[in-house]
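Two complexes are shown next, each including subunit A; its partner changes from subunit B in the first to subunit C in the second.
Presenting the complex of A and B:
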């Protein structure tokens, strides 16, 4: 069980974990080109570091076949390696990002691409949470962590369990997951992640103005966020993925032993091996039960 | 199992005696410091400075033992539970050997238990029963909302008269007999009294409980009583006596994780359920439960599109059981446990020091110990990534994901076909 972090540190110092979607399948079809997207994000990250000199930024790339840390403001040389006019953040990050993208592409060629072109969000979320635990362990004086998912790819239903696990762990250690989703349809995973952890879910209406959305909604520390008029939630998609076909479903059958979700009736549970008796369509309601009880 | 219980009970009694010898003649407030022994966790380093003992590796060894024990148990858990908590409010519960009183301590920990229970057992229900003046009362019906139970319990904390185990069991058995066959029926009794004042033959009642497949467990606050032990043995429950408050807390929280599913106790079944969408904050609709127009905050039944205010519930219009899918997903880590990580042997290091990663894959912490020598760490047998000991514990006990496996596409096996 994760221990709840103590609240002894200054509440306006932030640790921002940015999960950057680099999935080539998404960016090749996006209306906002990746290079433009990056320049919005870099400006945003620079402004976060300037808002408070104790602020920290860590960037993790979420690729198609791998995930990797590509920037950490605490370990990067702050102003030393200025080659030309670019700030240190940009040059460090861009260099690592390029290495990452090349490697990710290499892996992609090795494995045959099949199924949905989703990116490995569960991997980068898990890494970010491990990093945040390290910050919690560092003592009572640590910055307030939050996670920002800059995601464009559609959800990968095969990651359902892993993503939910990450969401619950974030919730237990009170880390909000913010999401800025650039894809064409809403992401049910990110809607749930932000809803459950108390973060903000935003789908920019005009991707060209990304920087504006980022700075107005996601730049303020968690304490000052209370003063903002945050975007109203447009609902949360609570659909689940069935375990048998990884399909997203809104009604399904649940194994009473292990709570696995299936899209249709099976004779045997593929997860726990239980053999099912005759189909029982619904749980008898508690009101019925009460009625019966008072009759006897 | 019963032998194990016995041994454990004895072990704890011995420990208790030792403690009493050590603490001889100390007042209660002094004992608190004696137990902590903060000076013993200091150690002298090379330069003669006092430092806290590095018990990280020790702790880690303990954790690994725990993990191994857990990974050998099967994944079939009784996840849908119907549990009655019976609280003894006879005059024995006013004894002050626990501070402020047995009753107060029990109430405090039952509250914490109820919250933890609902966290770990989605779809499960709890009901509260009290015994006082020789009769048993239903305090709350079986239900899924922790708040209502806690509120009812805190409002009814008075004790008087005798305790009657038989009346309590009869009452609870009558209710639990009506729950669906796939549910696990359980009773947890917090028993303060040293006797039971029964109207009839309690042995018959115990047999009735056994026949209804109700697992009865008792946590005693005074001393072992034969009838409680007999009850637990007959129905497959556990019986422990709490030695002090922290022991009581541990004992009661042991009942929070789902128990292993026993096929004969509950029949597996497929239950049809719907996962409603949460409506947009600005939308207006008339809810089917209160028949009121409401702005935002509500869920839409996927079958008939009726609006309901709360989950879990049953659609008033089409009768479909509606639950929130994240509620279910909380228990999925039981189904797909992360394999224990292997300790990276230090001898391996010397051979291929250059090839091994220098930082933890999860948190980027350096894996090098003092003097740039490789420190103790672990690696995942599936993805071969290396992790620090802290991440190892966090990954297995809270996160339930391996960051390495989740960041690799080809080695990823579809989760449903595992297990």
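Presenting the complex of A and C:
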């Protein structure tokens, strides 16, 4: 395992990967304006960097059709472009963010595809994990990494497999995924991500007090977390998306060979090509049937 | 549920020697009564089964008459002689059931319900009933379920066990008898018994030993078939055999050769076993054809001085002359090993050596002509040069893993349907209208914050306070609800009675649902009534669950409702299916009169 304790600087040095949802369709309908949201997040990032000199912050923008690194505290120039009106972190980040949004819009226009108003969470999760792996492999010492998803837009069931894969790889490298979900309904993906990786899932009741939530719940390093009472979610939505129609289902069919999930009976598994035996009757209980309890 | 009376003619004997008093034996549910034909006879009996301890009976097929010996608590016994074995068995079964019932109240319900259903529906063998009872005694959950559903008539005995065929099968398979294999001790070492006085040895032969000798030495076997009983008696045959064995054991090869020259039958036993040699040659043919067996023949070191194996105090030393009358220990050991490994492949009663001999003959296969061809094929295969040979690929079904891109690319088209219709509808129209506006707004807010910078107070103090209060409340309430340890089961926190009730209901629901779903599609009227019964039983449990939910203290109500919810959901799904099916049926049957009228 890469993250052996001896390779850590100290128990309170963190690498915080922040995944910032920049889906314009969500923010245009959100009760908390994006500018307010940004100011909360920027303050939070600053305070993280102030908590420990060795702390690192990396921000990845999760757009509608693309993702990108928009800030890295190790490589950012120490002086901002706008003559000290705001901290260098903010001006640099905002500069990059603006460029990213323009590009994202461009990409959407090119693709002009119909799609769900969800953002590319799977992409940004993968990028964060890649970055963390790079950190693990570079140099003798590294900070303790964790991922914080600041997500607003709803789940894209079509990204189910990719997101679950990212979650499991995070679990394997012992990287907790914290999630702060700003949307109206709970996000099943993020709930599962936090549950599986041992992170914290939070859905703020007071969106305008976001900074308070962030500093209270998500600012502490992993070592100190052991001593704190952090919010626990009472129930996790463990439902999966079927592979055939990408619907979220609670009862379905599972391929006995590759464990692909389907919402109705197929003659052949579309993923691995195994031919299923004929069910004896129409009774669905005679084939593989799996029930997932929504909570325990 | 009353056991029918059984009345049989029988003789009552006070002791085994007693000729017996003829009369009528009546077996009732809880006692048996004997009335002698001669009303003046004193040997009238009226005994309750509660006084009965056990029973014994004579075996059918033995020469004894059908006797039943019933022993009572006071070490006394009643002996009855029946006219026939069926009479005896009828009475014996009733007593057996009565004894079973006396063993315990739980066992009593099982046996009585089992009996009730078997008398109404089908007949089961006693072995199967015993197996079921044993299963239930081992598994108290199973017994509880059985009592609940079969006892109350929701399920019949056969329906209950139909879903558990595996349990029944598995147990009977375990019982199958293990076959006795071939003894691994060396039969060739049978030692004669000498009585010391005379120069005479005695061999004790059993059928088992004969069988082993036949299996080990096909030549002896062949000789037996040829000679006995046409040319010599069996006794003479074995005499000769052991004379030959004795000659072998003396290691006097010269004497053996001399005797063999005189007696041609004896020579059979002394010579190398022709059949074995043939088999050995066949085996050598199956060795890798590229291996030169002849080159290795001299490599056994036995001909060197100081080599050899000690046996019976002497050493096996090779002498070149008279080689055909000599056997080595390694040959014997190898043959013994081969036979033991081959195992006993005959299912013949080893009583008559003649039948054994014939059965062994049949089991020995004849060498086929195809063996030569096979050897040639092997030869060509082995000597093939790698890069010139054809591919010997076996037909395998290649594992077809689709390009994952298929999955990710096709999702776009399907994605639209994924969200709730209403939500998709509104967001869709909104998005179409404002793709550019949305991005514009986003960029605007970025530039806004760029120009303004961070304001002095990002969060108002009042808001921060509400956040703190909310978080504290949330944390303390989840801690209270879920317990300090998230791995700790909610069930453990509940009162014991509630916990047990919930677990039991969950088991019952599973059992009922299994039967319910397996009854669809309904094809027969019996299935229809079964589904009706199941549905009634399920709705009863549904109500009981509600009652449990109401009954628990308010502290636990939340947890209990969380636990009960999935049970209710499962039941609701079944009810829904039931109703839908009912409507479908009603519509179908309603159509007919409409069509007619």
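Keep in mind that, in the parts below, the second predicted complex is superposed on the first by the 261 of 296 C-alpha atoms of A that agree within 3 Å, B and C clash if a C-alpha of one lies under 4 Å from a C-alpha of the other, contacts with A are read in each partner's own complex, and residues count from 1 in each chain.
Here is the rule we go by: contacts are C-beta pairs under 8 Å (C-beta built on N, C-alpha and C of every residue); 3 or more make two chains touch, one makes a residue touch a chain.
Here the structure is a predicted model, which means the values were calculated and not measured.
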item: Side-by-side fit of subunit B and subunit C on subunit A, or clash; value: clash
item: Partner chain in contact with A:154 - subunit B first, subunit C second, else both or neither; value: second
item: Contacts of A:17 with subunit B and subunit C, given as first, second, both or neither; value: neither
item: Contacts of A:101 with subunit B and subunit C, given as first, second, both or neither; value: second
item: Contacts of A:72 with subunit B and subunit C, given as first, second, both or neither; value: first
item: Which superposed partner A:134 touches (first subunit B, second subunit C, both, neither); value: first
item: Contacts of A:277 with subunit B and subunit C, given as first, second, both or neither; value: first
item: First, second, both or neither for A:162, with subunit B first and subunit C second; value: both
item: Contacts of A:243 with subunit B and subunit C, given as first, second, both or neither; value: both
item: Which superposed partner A:43 touches (first subunit B, second subunit C, both, neither); value: second
item: Where subunit C runs into subunit B (options 95-103, 563-571 or 581-589); value: 563-571
item: Subunit C-contacting residues of subunit A that also contact subunit B; value: 158, 161-162, 232-234, 243, 246, 270-273, 281-283, 285, 293, 296
item: Residues of subunit B that touch subunit A when the two form their complex; value: 75-80, 122-123, 125, 141-143, 174-175, 178-183, 261, 263, 266-283, 299, 302-303, 314, 319-321, 324-326, 328-336, 360-365, 390-391, 394-395, 397-404, 406-410, 412, 414-417, 419
item: Subunit A contact footprint on subunit C (complex, rising order); value: 399-402, 407-408, 411-412, 414-419, 423-424, 427, 430-431, 434-439, 441-443, 445-450, 453-455, 458-460, 463-464, 466-468, 470-471, 474-475, 478-479, 481-482, 486, 490, 517-518, 520-521, 562, 566
item: Of subunit A, residues touching subunit C in the complex; value: 22, 24-25, 27-29, 33-35, 38-40, 42-43, 82, 85-87, 90-91, 94, 97-98, 101-102, 104-105, 108, 113-117, 154, 156-158, 161-162, 204-206, 208-213, 216-217, 229-234, 241, 243, 245-248, 270-273, 281-283, 285, 293-296
item: Subunit B partner contacts - residues on subunit A that touch it in the complex; value: 1-2, 64-69, 72, 75, 107, 110-111, 120, 122-124, 126-127, 129-131, 133-134, 137, 158-162, 164-169, 172-173, 192, 195-196, 232-240, 243-244, 246, 249-262, 265-266, 269-277, 279-286, 289-290, 292-293, 296
